[in-house]
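In order of appearance the chains are A, B, C and D, and numbering begins at 1 in each one.
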């Protein structure tokens, strides 16, 4: 059904796959997207700081890390002029196409990668075919390389179509640490969007399957609790210490013990913890990097309130102090049936689609929900679409990969759905 | 060596042994002491409220309990006029003998019993000889019946002697819960005391052994922490509860984990705890009855400060409140060598004494230390004397008993030591 | 619509209300039911031991308690011959009516009361009209007096009808501690039952409302964990103790921290805990009376496995032992639509019914699920019906009461539904 | 008083100071000592494997680390032939002087450094005078460079004297992690030693002060507990994880809560802990690097037994496993008065000594105790001597330094004490 040049999108996806970058360091990725889009007839292209509410960015790496990734991007051949505009970790961009009188429609894709060492097994296609990650220790293990490519393809497809309306494609940074959705949602560019689609590839759905409207987003908050106490010699003067490892342990025990909630599922995890310096020193510093989640935004807030109380009381209990920083967060959201129904119609008509699923549960978190919720709060509609693909390894594993044939299928379904929304204003 | 009427003291001790009374309920005991002392030529006899700083009394039982013990005392034949003066739990008394120009010397004995069910085994002398506790569930299992008797005997002995000075004998209530020492120490009657002896029988020292000056008193604080939260149905609405059992558990774990102190031994115990009402209700109320101790008063205070912080933070952690009440406390103290030396001299000359020990460690707590410390703080001297006795069962066990022959030995040694202190003003 | 003698049922219900009895002590209650049923033309009446799988009874009170309640029942005028058959806590009975060729249908009601002190407020009808609990501290605060009455009424109604089939009415003891369902389910009498109804009154549904099929039963297990250690003097020899309060606290903290489960809601509560004897003794004995629940039987079993591990490891951690006893348990269950539909039809036709609700969530636990599950496992159908009633106080509060007008409505709806099941074999 | 060439010892000490090496990596240090000793007329010189019970070495770094330090030693100019003999981390050596019929006397010094970044402040003499650490991040911050120098000087002094007997000087590796004492104590070379001295410089005693016999060594055990569980997605499948961070937190809380012991001081510290990988992953691996101590060897063993139980039960509680490795340990020990008295005599006669202290408490741990205990267990005598020095920064801080004038004082006092022991066989 597609008239797209599949080879070109495959090449683009492989280029991104070879250069995975973590949150707020998507310099090469953003630059490559911008380079491609410069050749298209866009109405507007907002890059970096112009695409974000800068103050809403969370958990931006330190300058040294940012510079290091900027250097890598330069070394990999990204356009230096574009890179200059991204300096400071202002990554991502928004492409705008205005065509006549129709509604304003948004399409959101994410572009960041994960801190995972990619497999070099001969069975792993990127290794076998030469596009394995060149940034050792980082990997596109969740398909955001494919998402960015679909974003590009949808723009191409819309430009070639009789689309009447405005399309804004949000190439969003920092989804993996759920801290890019909010700055983009509050950038101002979403304010006039009436309909919003977002897309995810894979999610354990096979090639040929389309999920019209995904639900079950767990609202989430990532936090970093840093405890400070006082060191002392553990043998000679144990009473002079203020022991942050004891505070941290009390916090961990009681975080997991936050009461369950009758309104729905909640989650809590102290996923990365550490403290102290040596066996014979009362530990002066400790930290918990953790998260809370809830089936609804309210439930996540319930967990968050309790977690803060537990953290503060644990510090107080051992005469320490604690500072709590939010590293990322995302609300829950629901896909609107009207938009999902259009996807269902489109998918049903596509030759490559063998199975149409009305809805499925994500069971995880995603900060596309920030954009979805913002649109819905203004009276608009939003929908999160799943495009199946056979992926040999699971998401977030070192053998994850996508079937590249599904790229054009995804482009087709999303672009056509967007066109119909413009036509029908559901 | 003694010229005392041993039978008379034995009878008195057995009378008290038959009527053991717990802290602040020593109505019969006080009345019997007062009845005996009325016949002596005392300069003064301060009874009940007149012998105590009333506001310093801690952990006084509720009115119903007090009335119940007052009724028992009445039923057992105690003088109703004396009992009337003790109403409200103002037990204990202070006997004063003024004789010429010498120094003011104090002698402190304690008079309360324990909540222990006395053995009715035929091997247990009180059971065999008919003076087993008539108050079921209570027992003189630490020899305070003997102490009160020695107090009486010392008065007799001094009255018959050429003693020149002032002797004040403090019959102190509520030692077992360490809450009687402070009210007596702050009654005003101790203010002019220059030398103070206190005595304990047994302590695993055999008959014939005298310990001249006991040290190693652990300073102690008993506390009651009462947690209040909010109940909720544990199945239907767990999040609506504020769970005091969780607060209590966090407190227990962290109480025992208060850092050890390089300056000396510390102790902590959550000895009696409870909470909740039913399996399916989030527990609204919980409590910890516990104690902290230290080798020095400072160490006990260190533990106490930390315990309070742990209790408060645990409550806060689970959104509960906690009230902390001090049930009893006693400082540490040290026996002065000069007074101990006199006891050593006296004991060495006594026929019945087979072994003189300079010093020994108590390894527990005692609120005689309040009186000792008060005298020492004013520049006086204090000394805690041990009078050995063969006791078949250990202290605080249901077969504890004393060898009554040691009563007159104790009276002799203490009375003679007091006379020599008056003579020599060490 | 009803032709029943409402007065008679009201009198019977009030008699039971006046004599509330806790689990396994329903001597008066069972005897009164048996006395009534003796006058009916039943095919069979299984009483006490004959109605239960005796070995499956859990949490039966000690002999002294059983004897005490047996005496009360005698004193209240229950038939001594019946009482003799119930001795040892074998309470409850099963009434059987065989009439021709139809299917075997079960109807389950529960009969026990709660340890709640009933209100004596003049606003509280039982107090005002003279049928307040005569067993102080116990109360029919969940309507089981009404359930037993409906059981009786359904028998009457069926006997008067053209019912063709077999009806077995299970008057089940010990629902409140979820330990009566299993012994009755495994008594053998349920083996041939093809259809089963159970009923509950109230549940916050008003008079005139009928809930055709209730779901959302949380599977549950009540447990008692008893820790044993070693006492020691907390000041003199803390290291010689094996501290059960520390074990208990570690268990509590980690019980609440059992990981949440993605398959559905779980619950855990340490609802009643205690330990120790005195502030200065390392606590030798402690206990946790608690519960775990799950949205499904599997989830409750998941929680139960983890709870057992936490309890055992906590004991081991402090060199103590723990014995874990199951006090009661119940699986989850689901009402079958086919039976609920019949209730819906019948209720829709009844004059007294103003609102028919297809389904509602219980949000708590019930051991009727044991009987439901047993029937369903054998290929039968089961359904839990709610009969609304205006109840001034909430369930399990001291002012709970039912509108007695709803008794006959309940009897009508259940009896007619049973008849139609016999007719239609859905 | 000394006739030693102070400059030479200062140079040697500065050479070692410039090349600090951690435990089991003292390649340069050992080689330099061996190079020096080769020129002396020793009876024997046991190097590396010949000086150690190889199997008793604990916490030896991995091969890569060893090789790295070996390379550094080569690069710094150490004799390659000696280095070859040390390969595999067999560092340290034992020098033997046999002279006639006298007793066998041991002298133990330690030679390793600490992982501390040395100050480059101009006030810090090593920085100002050009012998600051060339191994960045490592530093002789506890004076072991001085100890090795004193060892060398004592050999020189004895060689020049009329000493009659056998002297063995133990240059012991890996004291800082208390894992070098045992392998040297069990090497066989200590078996015939009748008298043993060990020395420490500084310890907050000023220049001119000598402590004749130090006591108060806390027995110690360092351990590494490594927990293994199972990862899982914290949002999607929390129940599938086996959470090592929960296990670790339970262990920490209960380690600090090991009961205090009436026989003396105990210590416990979880000094360095960590676990997990990311906020959204149930943590699969965690660790605690910690220590326990006791005033006596028995008390440390008591703590160690309890710590092991707590660690194992915590793992079990969360369905994880734990492996516990001992990283180092040392018993307690006491200095013998007879040897201390000789030091007192010698020091009293030395011009440079302004203050002689009979005894002082170390209040920390030291594995010289392994050698002391071994000698004492065989009926010999042992003594740990303190040589004061003005040290600007505290021990284990980055500005620690010694007054080099005290080197010869230390050599004088120790060598003369050894001579007198040989003469007097105390």
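Just so we're on the same page, contacts are C-beta pairs under 8 Å (C-beta built on N, C-alpha and C of every residue); 3 or more make two chains touch, one makes a residue touch a chain.
The UniProt protein names, listed by chain, are A, B, C, D = Aminobenzoyl-glutamate utilization protein A.
Predicted model only: the values in this text are computed from it and were never measured.
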Selected pair, greater C-beta contact count between A-B and A-D: A-D
Outermost chain relative to subunit D, judged by CA means, is C
Computed distance of Cα centres, subunit C from subunit A, in Å: 50
Need the CA-centroid distance for the pair subunit A / subunit B, whole Å please. 69
Round to the nearest whole Å and give the separation of the Cα centres of subunit A and subunit D. 52
Touching two or more other chains - residue numbers and ranges from subunit C: 236, 238, 243, 246, 250, 253-254, 256-257, 259-260, 262, 267, 282, 363
Going by the contact rule at the top, pick out the subunit C residues touching subunit D in the complex. 236-239, 241, 243, 246, 250, 253-254, 257, 259-263, 282, 302, 309-310, 312-314, 316-319
Touching residues of subunit A toward subunit D in the complex: what are they? 218, 220, 222, 233-236, 238, 243, 245-246, 248-250, 252-253, 256, 267, 269-283, 286, 289-291, 293, 327, 363-365, 396
Taking the touch rule as given, give the residues of subunit D at its contact with subunit B in the complex, in rising order. 253-254, 256-257, 259-260, 262, 264-268, 363
